[in-house]
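Okay, so chain A shows up in both of these, paired with chain B first and chain C after.
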Partner chain A sequence: MADEARKKEIYEKLRNGVIQYDEDACREGAQEALDAGLDANEAIFDGLVSGMEEVGRLFEAQEYFVPEILMCADALYAGLDILKPHCKQMDLGVRGSVVIGTVEGDVHDIGKNLVKMMFDVAGFHVYDLGRDVPLDKFVDEQLKTDSELVCLSAMMTTSMVGMPTVIEKIKAKNPDCMIMIGGAPTSKDLADKWGADGYAEDASNALKEAIKMVGFLKKLRDEKLNKK
Partner chain B sequence: MNSRERVLGLFKKEKIDRVPCFSGMGNITEAGINKLGYKFAGIHLDAKQMAETAATTFKLYGYECGVMPVDLCVEAEAMGCQINVYPHAEGILYPTIKEKLIHNEAEMDTITLPANMGELGRVPMMREAIKLLKADIGKDVAIGSYVLGPFTLAGQIMELNDLLKLSFKKADKVAKLLDLMADAIIIVAKEFEKAGVDYITVREMGATSDVLSPRVFKNLIAPPLKKVISQISVPSVLHVCGKTNDIVTTMVETGPTAISVEQKNDVAETRKKLGDDALIFGNMDAYNVLVSGSEELVRSTVRKCIDDGVNAVWPGCDIWPSVPPANMLAMMDETNKYGGKK
Partner chain C sequence: MDAEPLKRFLKTEGATLVGIGDVTAALSSEIIHLRRGIAIAVNRNLNRETVDQLIRLQALAEGWLRAKGYRSLSIPADSDRKKDKMITKLYKLFCHKTAATCSGLGWVGKNGLLINREYGSKLSWATVLTNAPFRADAPTSQSECGDCDLCVRHCPSGAVKGEHWTLADPLKEIVSYEKCRALKTRRISHSSKPNCGFCITVCPYSRNGNNHGTT
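What follows is the complex of A and B.
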């Protein structure tokens, strides 16, 4: 087992690899973590995700823009691909599955892919429907997979307006399913009006919202079970 | 002074009686489509249907222009992309591109424009539609059309994900592609001019400061935009979505007659920055106010836009077709009442 200093050094390498969009550094760091016998989950969260948090901060500060974020995401995945097979079943207090896609009429999927990445690192099972997805497909996939979460993404105002229909249909069939909407034109007001449980303009908000929602869902189910 | 004189006078920076309410982007409404009994998916493919529908927003509400096309795929289609108009959709879905033209980095260097691009896709149909619209309402209102900006067009014909990363990693390669996109856009704009449009809006929607840094906008996005705008002989408007306060000066430097921004722009600040002489349109929230807001919110937003210094009450995006008729009427009425006071 590696000593604390070595561990810190490796996590720092992963973290900086993400921040400096250095895929090679992330690959090397991930391999070093495994060779040193470090816990893969911990390396993901204290290394890669910690780097992505800093990237989120740099984005908010307008030091980074979308091209940089996409390159950071590539670096994160370079490390994640190596570490993930070595992850033990994660116990983060949240575990779940999510159906995600960009709604029909919209072929933009960058935001959706960033959100998906956050679910990937958090250990969710992700059913990615891709982009330009017919509305009924979200409803069918949710039923088929019994996912706790459905995430609808839209980049353009012109495609966002299909969202309330999907929300209504899913809630009619499965009231417990949580729905999150996301994308540049969405807002908290719209989410409230359309009956969505959460909204996120960007990827870092989406993960926070998602974890909050799954936690809430778990509580709901526990309460129901206790009543029986 | 009728609407046509007012809008054309504004572009010439002549004295006009009040701020006009018009736009250079999509503005057809469900009320208009339903009145004609057309299907949304059909109006993109038929010159007569498109022209008749485009006239309805003026005829129903007095909106002070007629604008076509309705979708954003004309250039990419003429370059060889297949489009999907979603013929079976129940609701309204705007056409999208089915298949990219550039599939990998190497193809960025080998792509060329078709020799007769001005005769391909729906470009000839657009010419016909513009003539029909002009014959119908061209004496009453100015007739506008729009083209995409080079970066937005590039994002349609290749993966946006790759385009964005390459804008950072290989800016020279992207610059070369954007220059070619500028050529494609100029071909289409020239055809619109031949058909008789009064003004053209260049929609560089994807190059917002929400996505790209002001530095990249200046170095990479602005030069091909300048090329396009310099080739447009009718009045031109440059529109960029999202956050734009840090790039408005660069937008003006590309040489359009006017710039257009959306609600994320602090227009009072933009006015201060650009001075009294610049033509600034937009800032009217096309969805959260015009479609989902109350009549009173529409009216107060019109007043705020005018107070903040816009030269035209101009929705910052396509008007979503389900806009309540009462809100359209409120926007027109408030502009009429308040637009001469400043």
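What follows is the complex of A and C.
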């Protein structure tokens, strides 16, 4: 088992790898974490996610813009791909699966991909339907996978209008399924009106929400660890 | 801000053409802060070495800009786009022809390809977007194809419509990509070079005594 200093060094490498969008550093750091016998979940949260939190801060401070965020996300994935297979299922009560996609007529999927990243990090099983997804495909996929959560994304008003149809159909077949909508034209009012359970405004807000949620998970985990 | 030092630097490093375009009008919200497009072209066949050369030139431009405290985003050559990356999503928000036309290095011909007066379509392009406040070169606003319709007559798929491009309406469909693609799909089964390339070979600007570089 690695000593504390080594552990800190590796987590710092992962964190900085994400912040400086250095995919190679993230890959190396992830491999070092595994070689040193560190816990993969911990490496993800205290290394990669911690870096992404800083990225979110830099974005709010307008130090980073969308291109930087996407490059940071790519770096995070470079590390995540290596660590993920070694993750123990986290017992945080958030286990589950999610169906996600951009609705028919819309090919904008940057926000959707950032939200997807949050679910990947949190250990969800993600069924990513991609973009320009026929409305019924969401309903079918939810039934087939029995996912607890369905996320619908749209950037254009013209494609957003398909959302209430999907929500209605899914809720009719499976009232317990949670549905989140997101994208520039959506609003809390619309989410309420259509019976969706949550909403995120656009790619940058999606990232902020994603970080908040992952931060919350991290807190839950820390509390759990402290109790032991 | 004067862009000449950067242009000179990239040319000594092997770029055939370098232009600075004001690309503001073509930017989507994700990249709206990067208002200058540095169009970089090399007159070589598009192959792995050419792509590597473009990547090297982009990295040099980025380094030059970073050293002066500016942001940049490299849009790689069209044939060098890794598919499964998040950043890839941004690449298709910007097209090299925009940077090239905005910096006055050519126009979009009737064949839908960027045509430079000296090199025709025989150039490989890459773009670096930046927030450095460079003085922009004068854009090309009109097609210089004139009455020539060789590519219209020689296109085996009938995809070239004969329309004139203008900077004011860059999104007009000049070539039926559907027809062009359909022919390419048919050719893939029996040819290792599915792009027929007639619209380049017949173009007087591309023929114009211009062989590719030594490769």
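Just so it is clear, the second predicted complex is superposed on the first by the 201 of 228 C-alpha atoms of A that agree within 3 Å, B and C clash if a C-alpha of one lies under 4 Å from a C-alpha of the other, contacts with A are read in each partner's own complex, and residues count from 1 in each chain.
FYI, a contact is a pair of C-beta atoms (placed from the backbone, for glycine too) under 8 Å apart; a residue touches a chain by one contact, two chains touch by 3 or more.
Remember, predicted model here, so these are calculated numbers, not experimental data.
With chain A as the common reference, chain B cannot sit beside chain C without a clash.
Touch criterion met: A:P67 reaches chain B and chain C at once. With both complexes placed on chain A, chain A has more residues touched by B than by the other of chain B and chain C.
Of the two partner chains, chain B is the only one that A:D106 touches; chain C does not reach it. Using the contact criterion defined above for the overlaid structures, shared-chain residue A:V161 touches chain B, although it does not reach chain C. Once chain A of one complex is fitted onto chain A of the other, the partner contacts of A:N16 are absent, as it touches neither chain B nor chain C. Using the contact criterion defined above for the overlaid structures, shared-chain residue A:S153 touches neither chain B nor chain C, since it reaches no partner.
In the superposed pair of complexes, A:K193 makes contact with chain B only, with no contact to chain C.
Of the two partner chains placed by the overlay, only chain C lies in contact with A:Y77; chain B stays clear of it. Note on the superposed arrangement: chain C collides with the chain B stretch 169-177, while the other options among 25-33, 43-51, 169-177 or 259-267 stay free of clashes.
Comparing the two interfaces of chain A, the one with chain B and the one with chain C have residues 65-67, 70-71, 74, 109-110, 113 in common. The touching residues of chain A, when paired with chain B in their complex, are 62, 65-68, 70-71, 74, 104-110, 113, 132, 156-159, 161-162, 165, 184-185, 187, 189-190, 193. Within the complex formed with chain C, the residues of chain A that make contact are 65-67, 70-71, 73-74, 77, 109-110, 113-114, 117, 203. If you check the complex, the residues on chain C that touch chain A are 30-31, 33-34, 71, 73, 85-87, 89-90.
In the complex of the two chains, the chain B residues touching chain A come out as 84, 86, 89, 91-94, 96-97, 160-161, 164-165, 167-169, 209-213, 216, 242, 286-288, 292, 317-318, 320, 322.
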